[in-house]
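Paired with chain B in one complex and with chain C in the other, chain A is shared by the two complexes that follow.
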Partner chain A sequence: MSPRPGFVFETDRSSPATLFWHGEGFRLEKLPTGARIVYPPEPVEALTDPVAQIRGALENPVGDSPPLSALLRAGMRLTIAFDDVSLPLPPMRSPDVRQLVIESVLDLAAEASVDDVVLIAALALHRRMTASELRHALGDRIYDAFAPNGLLVQHDAEDQANLVHLGLTTEGEDVEINKRAATSDLLVYVNINLVAMDGGHKSVATGLASYRSLRHHHNVRTMQHSRSFMDQEHSELHSSNWRMGRLIAASGVKVFQIETTLNTNTFPDQFRFLERREWEWSLKDRASFLATSFALERAPAGVARKVLQRTCSPYGLSSVQAGEVEAVHAVTTENVYRQQLVEVEGQTDILTMGLPYICPYNVGSIMNPILVACTGLGYMFNMYLGKPLVRPGGVLIMSHPTPWAFDPVYHPSYIDFFEQVLSETTDPFEIEANFEESFARDPWYIHLYRTGHAYHGVHPFYMWYWCAHALDHLGAVVIVGGDRSAVRRLGFKAASSLGDALEMAEDVVGRHPSITHLHSPPLLVARVS
Partner chain B sequence: METTPRDKGKIGTTVPDKTDINMTTANVPQSADTATDSSTTSPEPARQTALPSLPGKKRAQPALRHVRSALSAWARASSRARSLALGPRSFPWTAPSWPSSVDRPPSESHTGVNFNTGWSRKYPARVARAATMDWIIKPAAAVLATPEVIGLDKLALARGPFIFAANHSSHFDTPLLLTSLPPEIRHRCVVAAASDYFFDRRWKGFLSAAVLGAIPLERERVDRSSARAACELLASGWHLVIFPEGTRSVDGWAQEFRGGAAYLSRRTGCPVVPVHVKGTRAMLAKDSRRLRPGRTRVTFGPALHCLESEDARRFAKRIEAGVAVLADEVSTDWWSALRRSASGETPDLRGPQTSPWRRAWLLEEHHDGRHPEWLR
Partner chain C sequence: MKALVLERSLPRYAVSTAASRLFGSGRGVHHGPLRLRTTPQPELPGPGWCRLTPILAGICGSDLATLDGRSSWYFENFVSLPFVPGHEIVGLLEGSRERGAGKRGAGAEGAGERRVVVESVLGCATRGVAPQCKYCEHGLQQLCEHTAFGNLEPGLQTGYCASTGGGWSTSLVVHESQCHDIPDEMSDEAAVMVEPTACAVHAVLAGGLAAGELAVVSGAGALGLCVVAAIKHLAPRTRVLVAAKYAHQRQLAKNLGADLVVTPEAIGRATRRLTESLALGRHLSNGADAVFDCVGSAQTLAGALEVVRPRGRIVLVGMPGAVKVDLAPLWHREIRLLGAYAYGAEDPRSPGASVDPGARNNAAGDPAARVSTFDLAIEVVATASLESLVSATYPLERYEDAIRHAATAGMRGSTKIAFDMRTVAAHTSTQSIQSIAGASASASASIQGSHGNVGSRHQRFSHNESRNRGELHT
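Moving on, here comes the complex of A and B:
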């Protein structure tokens, strides 16, 4: 039976309560009658023989590109770059799709007697991956063959000796990327496209770039003019990356892009209720929900977090395509939309959503208040094509505990950003103008980024910039069940319950507002007409 | 409150100085979270002093403390349960309501022919069934029905698995027939039961499969899946009891034999053993609610094989004729029945095609002139 498409449901008196994610827990909330709930499409069929499909994609590239085997020759410099730990979310159950793809690439490289091969984790300004994360993403075979010999490296955006400036785009943007990648005879980029924003020229132009290059598109103006990130035609972030990517190609860097898409089979069997519509919950689903909720609520916060963070998704590979970057990405985007797109009619006054325990930047750690804001306003708000789900001046209600807690190893600069910057102002423009440079150039943060597992000093700024479009668009943001002081520090309002939050929202949007709930994750993109 | 949404200032420009308005007023019901918050802020000793103390009963105070702590633990537990959901009597404690605006998809049925009986042929279930059959049902049948079993020696002349095709006039036919079989057959035997009757509820299906080893058979329409399942069981060495009439007799006379048993025999090559059961209708007729003791007789005929030139319909006729000869044998004797069969004079199992009362009258004659049914 083919998977059911996404669905917009209008609640009535007979509707059961609706599941809201709430960090490392859940809430069941009764939405008012007439509220809309946008449910994601069911997972599309996964490819039955992924390895064969990958081999087929490498030998039958799309766009103006010869097959990979024809590009490989003895004596060449081959660099394979791959997406870091921020994709996919939650981490994929072994074998990870990166492992499958890179093993296939290396099989061909071995057949062609290519000796000089280096693997690079494309981190940009993210934290370095741990050994176990690399092993999980690449598999034992690759890790044991490359890591001990120093051939498995992680991109260092602050290592000036290993960066190369390729020039300026027509808009005056610096393009500075990893030297090994830029000077290789062939750069193979292995991508996981969890959302439409991933992949394309962004892979190299962002993943392998330096701060000097990234600041040209990771800034408030670009973020505010990306409407949305998932809509390539209307995303300034996308346009900037495309300009840079074309300059990279014009500079003689030969990129063979391999992009993969995953279905939305996001949660294992014990959490299957998260993917089902509430009225379809079976006895098993209800028992799972109650047992999980009780266990998570009673467990210490750290234990609950660890349990959830260790959960791996049974994602299925839904498509794989390889070849020339732009042609590949066009096919990939279609496949992402095929899985995630839901048609929604009209905007809403109030948009509600539950935020889960994980986002791209807290794998293995705490989802701190800045990441809560970024997940809700930067990511979930932007899961649209056309118009935002919520009207200009509308209210976004998010459900998350928003603890005033930070991981000092992964997010040291976040702590100072929260304490020093947000206590002064929450205006993205003001923050960018007054504080960014000092955090970005701070030698201590740079040291922690390069030698430890810390995100770059400028990273919390980027997280705040991701929110810029939503902050500009919305009339108010309310967080349900969040730590009051942390929520206030973000500049949002705190509510104890959804009822209170709706009451507060009515003060902004007027009485009898229209309400829409985004029932995600699993991920969906709303095409709002 | 007056609202001008579009005139509101953009958020994120200043640190908010406005007090959060989630502090609910007294007339607004407190949410679970709010209740939890207030419980943590209000000092616990104040609650304890609110409880009355018992004058002159100092020794009772430790016990009272235990009661108090138990009550507060219970209150905390129920508060936690409410914070998880909307209350113990609503979803998700109970099944969710189905929104009226959403069409119900055709549910995946687990009843009828879709009822899975595989578990009932697993070893533990078989042992339990054998124990039930041998130690409960067989003694009960012996006491209630006083069965006389004839013709089991004929089974030794053929090679199984067998398809036992019997006339059907009572629910008691199945346990009687099963307990009449030799143990080695009885303990590896399944019963074809109407899927729309014995498997329309899961508990009925469970009970039928557990106690009798029943498997669902579609009788109202052509259904290859149930026939295929029966064939697979026969092929794997299971014997099968089937009532080719498809339902119990209404007036005591047999109904036309359907082709199910013949079809299965033709498909699998298994021989069909005609069986005639007499006396069970007097014990428990179709519309009767009361089981009466009686005397019964179970007669096994010679195994029949489907001929190459024979289709299922013709073979079904031959099976029916085989049961009719057994019925005649019960009324007369083996030799007389054999001769009448040879001369084509075996009485029709379905009775004469005449008026209902005459059929009933003749039936009583057929049953050795006992009291007419209306007198019982």
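Moving on, here comes the complex of A and C:
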């Protein structure tokens, strides 16, 4: 039976309460009659023999590229870069798709007697992965063969000796990337395209770049002119990355891109109710919901977080394609849309959403208030094609506890950003002009980024810039059930219940507003007509 | 005359100390040693002395420490009981009309009287000691060798000396060398801020700030805010980072020009970032050039040691007591710990250049360049509009409310609490006090003319005096 597509459900008086994510918990909320709920499509069929499909993709590349085996030769320098811990979310059950792809690439390299091979985690300015995270992503065989010999490295955007400046794009953008990758005879990039935003030239031009290079597209102007990030043709972020990617290719860097897509089989059996529509919940689903909610509510926040963070997704590989970057990415994007796209008619006055416990930047740690803002306004708000789900001047209501809590190891600069920057202003342009440089050049943040597991000093700025389009577009943002002081610091309004939030929203959008709820994750992209 | 008198009573001290420790500062005032008394006016101690009728007298942190029994026993020999507290004083000099000095609002009642603020330290000149000690010779009366000698009872300041009385009364005696005229356009509220501001000015100049340096101000009560204002006036190119506990303090610090204001818990992180230091535990590889500790607790001193750079300066502005602090970083990082007590004479052109008359090789500096700290403080108060820091005033009769308010000023959204003697006129019949009423009316007019918001507050006070008295002005 083919999976059911996503759809828009209009509530009536008999509709059951709707599940809202609420950090490490859930809320069941009764939406007003007439509210729309956008449900994601059911997971598409996973490939039955992923390894064979991967092999097939490597030997049958798309675009202007020979098969991978034809590009490999003895004595060459081969670099394999791969997406870091921020993908996929939640982490994928072993074997991770990166492991499957890289094992296939290494098999071919071995057959061609290539012995100068280095693996690079494409971190950009993200935190370094832990040994266990690397082992999980790559598998024991690869980790044990490469890590002890120093052949498994993590990109260091502050290691000037291992960066190379390839030139300026036509728009004057610096292109500075990892030297090993740029000077290899072949750079194989292994990606996981969880959303349409990922992949393409963004993989190398962002994942292996330095701050000097990244600042050209990770800035407020670019973010505000990306409408949306999921629509490459209307995203200035992607335009910039594409210019850089083409310059990288023109500089002689040979990239063989391998992109994978996953279906939305996001949660294991015990959390299956999270993927079902509420009126279709079975007795088992109801029991699972009650038991899970009960346990999470009563567990200390740290324990609940650990339990959820350890939950791995049973994602299935839905497609794999390899070859020339742009041709590969065109196919990948179609496959992402095939899984995630939902047609929605018209915008809404009020958009509601529940935010989960995890986003790309808090794997293994706390979802701090800045990440809450970024997840809601930067990512979920931008899950659209055409027009945002909410009208200009509309209200976004998010549900999340938003604790005033930070992980000092992973997010040290976030703490200072929250305490010292957001206390002064929440205006992204002002923040960029007055504070970014000092955080980006701060030697302590750089030290922690290079030697510990800290996100780069400038990273919280990028999180705020991701929100720039939504902040510009929305009339107000309300967080339900959030720590009031933390919510206020973000510049948003706090409400203790959805009912209160809707009342507050009416002050902005007027009486009898239209309401739409984004029932995600699992992920979906709304094509708004 | 009416006066709040701090009497010698060990049981009352014990009760006050216990209550303040158990329930918080100011909570023992009802059973404490401070009492409202009708007493004879203090005798004029000698030539150069005259009577002063206070208009406003502030409540200082050191006053609260004394009432709470938290003051260091070190001061035991520098006070004489019973005394009338109050050393932040603006008042009218009696008999000044006859001497023709100064003037007071032409045409207004009380015109011709001198309105002055009192430089409270009691040096050789006030004590009739001649020749003066080497410190007083250099204008450093706050370091006078004769604080417990001479014509007066022991007392490091007016407000701690049995011979002079203090500001928390309707009359006291002051020496002419202690009096600084206040410009006509300056409100009484502004004037009462001159003395604490002088302390701040002295501390800032002792800190020796240079352009581009980072100064951390720990504590944003009245004294801390005065320090911020003084830094911005005297060393405008210094970056100022303030640790402020309460939201209104953070806003006031920003209004006064602080570059960054954070909570006390965040001061280490903020200093680290502004100085681009590395961190090793709680200590920084570099740090702030100067830290002004305006609290004086073990916690703030330890915090200062954490955020100051090697060879940096920590200036103790708030009155410390007996504290237990690990001085290893002070030794290891060669940090300079400086006391900054009161005020005297300064050379604002050479901040940090310490004149030390006690040293054999003393470089006396340029005597012509030295100016009174009070003169500088009057400039700072006027420039920074520090009258806005006066949050509430109380009549002497409501001293218990006033002390409790001052002790909890931060959490109640207030800054400086003062006693207001302007309303005493209704209860007295002396000529001098009648002149206060006229002066007060004149002051009110001038406040309304030059400081609209203050004037309106004052007007509200006057119109609904009995109900509003003692309530927040803001």
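Methods note: the second predicted complex is superposed on the first by the 529 of 529 C-alpha atoms of A that agree within 3 Å, B and C clash if a C-alpha of one lies under 4 Å from a C-alpha of the other, contacts with A are read in each partner's own complex, and residues count from 1 in each chain.
Here, a contact is a pair of C-beta atoms (placed from the backbone, for glycine too) under 8 Å apart; a residue touches a chain by one contact, two chains touch by 3 or more.
Keep in mind the model is a prediction, meaning the values are calculated, not measured.
Asker: Once both complexes are superposed via chain A, do chain B and chain C end up clashing or fitting?
Answerer: fit
Asker: If you tally the residues of chain A touched by each partner, is the higher count for chain B or for chain C?
Answerer: Of chain B and chain C, the partner in contact with more residues of chain A is B.
Asker: Looking at A:Ser529 after the superposition, I want to know if it touches chain B, chain C, both of them or none. Which is it: first, second, both, neither?
Answerer: A:Ser529: touches no partner chain.
Asker: Quick one: is A:Pro443 in contact with chain B, with chain C, with both, or with neither? Answer first, second, both or neither.
Answerer: Once the two structures are laid over each other on A, A:Pro443 reaches chain C alone.
Asker: Give one of first, second, both or neither to describe whether A:Ser423 is in contact with chain B, with chain C, with both, or with none.
Answerer: A:Ser423 contacts both chain B and chain C.
Asker: Please work out whether A:Ile415 is in contact with chain B alone, chain C alone, both, or neither, and reply first, second, both or neither.
Answerer: Once the two structures are laid over each other on A, A:Ile415 reaches chain C alone.
Asker: Tell me which partner A:Asn60 touches in the superposition: chain B (first), chain C (second), both or neither.
Answerer: neither
Asker: Taking C-alpha centres, what angle do chain B and chain C open up at chain A, rounded to the nearest 10 degrees?
Answerer: It works out to roughly 120 degrees.
Asker: Looking at the overlay, does A:Ser14 come into contact with chain B only (first), chain C only (second), both, or neither?
Answerer: first
Asker: Please work out how little space separates the C-alpha atoms of chain B and chain C at their nearest point after superposition, in whole Å.
Answerer: 12
Asker: So chain A touches chain B in one structure and chain C in the other; where do those two contact lists coincide?
Answerer: Chain A residues touching both partners: 423-424.
Asker: Residue numbers of chain A touching chain C in their complex, please.
Answerer: Checking each residue of chain A against chain C gives 415-416, 419-420, 423-424, 438-439, 441-444, 447.
Asker: In their complex, what parts of chain A are in touch with chain B?
Answerer: Those residues of chain A that touch chain B are 9-12, 14-17, 26, 28, 30, 278-281, 283, 285-286, 289-290, 293-294, 297, 349, 392-394, 422-428, 467, 471-472, 474-477, 481, 484, 488-489, 491-497, 499-501, 503-504, 506-511.
Asker: Can you list the chain C residues touching chain A in their complex?
Answerer: 260-263, 266, 269-270, 272-273, 276-279
Asker: Mind pulling up the chain B residues that touch chain A in the complex?
Answerer: 1, 3, 5-6, 8, 10-16, 20-22, 24, 28, 31-34, 37, 80, 83-86, 90-93, 95-102
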